[in-house]
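Going by the order they are written in, the chains are A, B, C and D; count residues from 1 in each one.
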Amino acid sequence: MNVMDTRATSAMLYLDGVHVSFDGFHAINNLSLALEPGEMRAIIGPNGAGKTTMMDIITGKTKPDEGTVLFDGSVDLTRLDETRIAELGIGRKFQKPTVFESQTVQDNLLLALNVDHSVRGTLFWRGSKGESERIDKVLETIRLTDARNRLAGSLSHGQKQWLEIGMLLAQDPKVLLVDEPVAGMTDVETHLTAELLKQINKNHTIMVVEHDMTFVRELGVKVTCLHEGSVLAEGSIDQVSSNERVVEVYLGR
Amino acid sequence: MLLSCFALPALAGPFEDSVAKFANDEFSDTEAAVGEVASSGNPLASPIISALQDGRLSADPGSKKVFITRTDGKIVDAASGAAVDKLPDGAAAVRLNNRLRRTVEAALGGLTLLSPDPAKRLAAAQSVFKSHEENLLPTVESALAKESSKAIKQAFAEARAAIILFKSDASDSDKLDAVSVVKARGDQEALALLTGLGGDQPPLVAKAAASAVASIQSNLAMWSMVQNAWYGLSLGSVLLLAAIGLAITFGVMGVINMAHGEMVMLGAYTTFVVQEVIRTRYPALFDYSLLIAVPLAFLVAGAIGVLIERSIIRFLYGRPLETLLATWGLSLVLQQAVRTAFGPTNREVGNPSWMSGAFDLGQITITYNRLWILCFTLAVFAILLAMLRYTALGLEMRAVTQNRRMAASMGIATSRVDALTFGLGSGIAGIAGVALSQIDNVSPNLGQSYIIDSFMVVVFGGVGNLWGTLVGAFTLGIANKFLEPVAGAVLGKIAILVLIILFIQKRPRGLFALKGRTVEA
Amino acid sequence: MTPHILTRSLDRAATTFILIVAGLGVLIPLSNLLMPQGSMFQVPTYLVALWGKYVCYAILALSIDLIWGYCGILSLGHGAFFALGGYAMGMYLMRQIGSRGVYGNPVLPDFMVFLNWDKLPWYWYGFDKFWFAALMVLLVPGLLAFCFGWLAFRSRVTGVYLSIITQAMTYALLLGFFRNDFGFGGNNGLTDFKDILGFNVQADGTRCALFLLSCLALVIAFLICRAVVTSKLGKVLIAIRDAESRTRFLGYRVETYKLFVFTLSACMAGVAGALYVPQVGIINPSEFAPANSIEAVIWVAVGGRGTLVGAALGAVVVNYAKTFFTSGPLAPYWLFMLGALFILVTLLLPKGIVGTFNAWWEPWKARRSAGIAADEESAAREDGIGAPNPAE
Amino acid sequence: MLTQLTHDIATMTRRRALAAAAGLVMGLAASSPLSPAQAADDTIKVGVLHSLSGTMAISETTLKDTILFLIDEQNKKGGVLGKKLEAVVVDPASNWPLFAEKARELITKDKVAVVFGCWTSVSRKSVLPVFKELNNILFYPVQYEGEESERNVFYTGAAPNQQAIPAVDYLMKEEKVKRWVLAGTDYVYPRTTNKILEAYLKSKGVAQDDIMINYTPFGHSDWQTIVADIKKFGSAGKKTAVVSTINGDANVPFYKELGNQGIKATDIPVVAFSVGEEELAGIDTKPLLGHLAAWNYFQSIKTPENEKFIKEWQAYTKNPKRVTNDPMEAHVIGFNMWVKAVEKVKSTDPDKVIDALPGTEAPNLTGGISKMLPNHHITKPVFIGEIKGNGQFDVVWKTPGLVAGDAWSKELDGSKDLIGDWVEKKCGNYNVKTNKCGGQGS
């Protein structure tokens, strides 16, 4: 490693030797993973493999017991809290769609825009043309233009998933962590979501956690399979799904 | 005894006159009468004076006659010992005040030093130790020589030492011996005796006494730490008892039950009703009243708990803060209902004999009621823990709290489990009320004084964890009792509250919080 | 049902509310002072004082609604801030008594004289000046809320835990102020006030002026709350209320937001307390009682959590009921009624009076009104997204 | 937002809102009684201001019943000035500001001629300004800390010199007490009483080391440490006594702990000023035998007046076990004094009645005649009673005659030169040294 270079790695997101345990249960066990800038990576793995916990670690919700977590090659994420990490440019979509249900779709996006997030800034906030144009654009991308004034709580499940992805877009982070984006979607919606993610990937780094193999296949990106808190296999979807151990883990043999 | 009774009238004269003084209803005359009767040597003296002490001595001011109501209910004339059919109409119990009571105790001490009853002898020795009447020395010495029981012998020796210490003409060496006997006793009464010696002692004795005082004091100071720890445990057990039901309703179910204190109150009132029935119908059962009250209180409070759950709380699941408001309203209603039914004043709940009094362990006093409450609390805790772990209801309860939908799909009647869980928590609060009725007021306000403390205990210990509640209660109890002598009761309590606030900052989910993402999800 | 109708109608409700409060603030004093005693149109002085009290409670309710209704912070210790504001004002009024106290001591309040204190404790300095006391009315509750909130929100104490430690806070203060050694008059508190800014506190004119001031304070508090909740900050608060960690992952410093509204709300509660004291004539530790704080939360729940008008209305309705039921033949039963009210409201009217009214009234009105498209546009403007006004 | 507001204000809402406000004011005005004179014609209204709910209900409910009973009796005798008395009962709910509000309501709305009420000092302090402002009469029936004499208040309970000082005298003389524990609840009555007692004891040569003062919060329930401390303090070889000003609710656990830790009255007697028959009704008194209380009245006192009163009271309440206590007697005396004064001036006008009350005499229930003094306190006998096994007291000592209540304690530096005199000086805090009335600016 070059000492003179402040960037320890070229990776956008870099996890090395991460351990986390809850009351003796090893949720993450010597996990190492690197995401290159502009890459889209699909993470698969059975329940309890540590997928969501890994996202918790990256976004600062959970602090690892040991290990390195670097963002953009130089920023140590283990020392920062959620807000700071979000400000740096890591956005996250939750497993269960989490939108602000009692506010309108439009307001949801407005809240997500990466503008001044200080108390002063919001108290004396005035809308600008630029902001409303960006919101319009996002609304169009996520196909919710007609629903802009509806309460987010009244949206269908799939629409909520999209709204949350839209909020990520409005946030415009460098890295998007997307947890199960197509859970509960129809086939058509799933297909559209895959298209959406591919489109977003053009100028963002993305990490997708998903169970749906058809969807992962459709994304057509490098796949990492987690098991018991560490990486079991990595490669193209075909490589991974033909890996014996993966099959074993998935089928429980 | 009979013989002397018949012989008495012939002797008559001064003794009769002395006895007649009891009928004057003047404390000074009564005091004189006690002295004269006690020193008369008359065999009736001891029965008269013990009757006086127990309030069984009555006098008729008209005829100046004095009567003893014997413990078996028979009535005799105090002066003659002759049996009497019934008390005359004007007769009233001879009155005592505290000074007289002390005189009576001392007189009785002298009279019963040689009693055949060992318990009376022990009491007599102790009363002589306190009164150190000089003229009793010969009696004490002869009693000491005759005594066979080791414990009573010790008491006589101490009584003798006390008399010698205060006897002006005793020799220095006797007094020094006496000091060491008293020093060996080492308790607060010994300290009181030695510090009360006065300045006219020979220098050698004074010095020995001073060093004995110092040694007793340092010994007592050490014991006071132990005592604080015991008080802390006992306060902790009260806190635990009050909080344990809440640990179920709040900790396990997540229902913020502000009417929890009222469940405790209902338990206490159940005890009152049980005792009232026993008092009027079956007085012999009084000592068992608490045993009867415990299951009844559990049923009463539990049934009301189930009723509350079915009629109010079940509509509010998932809205914890609204439950708080509704149960607060409920607590007002319950309080006022009890106030209307039983009146606003305190109700008397008696202590059964096995819960009264205290015993000494080393130099600390342990009161039976506190000890029993501690045992009782631990027993309730153990039973509850076992119930949650080993019974079907316990299993269902845990299943429902961990994953309601899953439990429902596995065929558990979740709404029944909810009702029973809430009933269980309330029932335990009712049991707590039985115990608390022994140390606190039984009034409509009873519950309110425990509700905040209970919440603090549960939150401090960690919601959803019974062991946390246990540790939390005892920690807070002991901390409180060690702070109290230093800071005073009020500041101590404030300090505890501030500590809890700061502690919650450090561990936002209490002492024994579950970690992991499931908790926060 | 489109949301903007709700927004717009709330605005109308808000205007109506402000006008009613302002109207009462002017008309009641006028009626009390100008109409002849005993006339049909004269509001007797005791009612002026009574309604003054309700108005102060309404401000307290607003302050609670701001944090609970909009930010999800359930403080069960808001009575503490109210009482601290009250004590700050009480201390000023105490110093104003001067040598007219029973012992005639020009500096020391009576209770200090009979506790044999020879000089004023340092924390009583400055309270002889109104501006200082007025500053303290804001500062003391604000500072306490700031410190408490800084500790609590930073370590993410939320929900029930927060509610319970706020109870612990007010309970600790209760015990503290009960102590005579603290120098705030112990259980008796501060009472027997003579005058405020040179006016006799018991004079009808002063009472009317205080009432007017309270109404004014209510209007200002209402406007501040409206300004906060209708700004983008208000949207962030609601976001925090509904999904706190989501808000955090969007890059908002949640603890700062909470601290801001919590402190603001505490200051408002302090002002309410300060106006309350001269009208009621006494401030003592029982204002710190945990039960008082819970009751104040219940006013908000009854009126309608998350609607500012509802909070104020709830305070007035519940307290009027209390006044009404504690007199006459119903007196022994009023706790039953109060308790039943709380239970019934939470069970049957979970949105409170105003919330339920809105839910019932708005759809009905929406069906009647036709120009939905036009409305939508104006709603978008209100939300400040559609067409930002360059003139603003 | 503000522009939006101004816009809205300009619309029709304004008129409607203003109309609503005006309507409200009209409603408010109309809710006050239309013609007060009408109400005053056929009956005389008597206000009863005692808490019926909350923490103080435990003590005050009985006093409400007492006044209702007295009014009932008086009406049987034909009322006052040929009119029936009518009780107006309100519930201030143990809430001090509510006391002031209710007092105001009683006087302004219900137009009562007199109010009987309050128990705690703070409730009295809370209503004081109201009575002064609206010029009405309050009869306050509870023993209190003194240091007050107001024109509109008549204090029928004991001042410290009518309860505390005689009790201490008794203990010194009869029990030869040399060491004192002054234990109280931390509020103004115990604070002041203990201050007075401390000064008094020192004037009698008691050393500072022989006085232990302890304060506990309201409703204190864990007495283990304090009782142990008292025990320790009592083991210094001198006769020790506890003077307790512990407030109502905390007494039961206190006495239970005393009994359980084996402190008997013969070892360390406790003399209490706030424990009466009503409080003892909630305790098993057998372990408390011989502990003392100082009052101006005991139910067990055998006088014809008392026996008649108890009989009628128990008949009225339909409860043959209903106890009587000292504050009830104070209300009886106060009520009779008020009736006499009203009949004397043939008016219920507060000014006239206030002027007529000093000097008015009324029999108390213990065989004497109490008199209202110019300082608005009354003369009372002082009794020391020992607790008996049946929850009653056995009177072991009494003052030879009646003791006049001192508004201002002679033992305190701040008040030793003050007197209350509403007859000659028209002043509640007249300084006899400077000859000035303190309250009106010196």
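Heads up, the rule we're going with is that a residue touches a chain if its C-beta (ideal position, glycine included) is under 8 Å from a C-beta of that chain, and two chains touch if they have at least 3 such contacts.
Only a predicted model underlies this, so the values are computations on that prediction, with no experimental measurement involved.
Asker: What chain is the most remote from chain C, judged by the mean position of CA atoms in each chain?
Answerer: B
Asker: Looking at chain pairs A-C and C-D, which one is connected by more C-beta pairs in contact?
Answerer: Taking the two pairs in turn, the one with more contacts turns out to be C-D.
Asker: List the centre-to-centre spacing of chain A and chain C in whole Å, with centres computed as mean CA coordinates.
Answerer: The answer is 43 Å.
Asker: If you average the CA atoms of chain A and of chain D, how far apart do the two points sit, in angstrom?
Answerer: Going by mean C-alpha positions, chain A sits 71 Å from chain D.
Asker: Could you tell me the distance, in whole angstrom, between the mean C-alpha positions of chain A and chain B?
Answerer: 64
Asker: Could you grab the centroid distance between chain C and chain D? Build each centroid from C-alpha atoms only and quote it in angstrom.
Answerer: Centre-to-centre distance between chain C and chain D: 34 Å.
Asker: Among the residues of chain A, which ones contact at least 2 other chains?
Answerer: Within chain A, residues 61 contact more than one other chain.
Asker: Which residue numbers or ranges of chain D touch two or more of the other chains?
Answerer: 52-53, 186, 215, 217
Asker: Send over the residues of chain C in touch with two or more other chains.
Answerer: In chain C, 175, 178-179, 231, 245, 332, 335 touch at least two other chains.
Asker: Name, in rising order, each residue of chain D that touches chain B in their complex.
Answerer: 52-53, 55, 57-59, 61-62, 174-175, 186, 215-217, 219-222, 224-226, 228-229, 231-232, 234-238, 249, 252-253, 256-257, 259-262, 265-266, 269, 278-279, 281-284, 287, 290, 292, 386, 389, 394, 396
Asker: Hey, which residues of chain C end up touching chain B in the complex?
Answerer: 74, 148, 151-152, 154-161, 163-165, 167-169, 171-172, 175-176, 178-179, 245, 290-291, 294, 297-298, 301, 332-333, 335-336, 338-343, 345-347, 350
Asker: Which of the residues in chain D come into contact with chain C in the complex?
Answerer: Touching chain C from chain D are residues 1, 4-5, 8-9, 13-14, 16-18, 20-22, 24-26, 28-32, 34-36, 52-53, 88-93, 95-98, 100-102, 104-105, 107-109, 120-122, 125-126, 128-130, 132-133, 147-148, 186-188, 191-192, 195, 215, 217-218, 412-415, 418, 428-429, 431, 438-442.
Asker: Which chain C residues qualify as touching chain D in the complex?
Answerer: Against chain D, the touching part of chain C is residues 11-12, 14-24, 27-28, 31, 35, 38-47, 49-51, 53, 99-104, 111, 113-116, 175, 178-180, 186-189, 191-193, 202, 226-227, 230-231, 280-282, 284, 286-287, 323, 326-328, 331-332, 334-335, 382.
Asker: Provide the residue numbers of chain B that touch chain C in the complex, in ascending order.
Answerer: Per the touch definition, chain B meets chain C at residues 256, 258, 312, 315-316, 319-326, 328-333, 335-337, 340, 448, 452, 455-456, 459, 463, 490-491, 493-494, 497-498, 500-502, 504-506, 508-509, 520.
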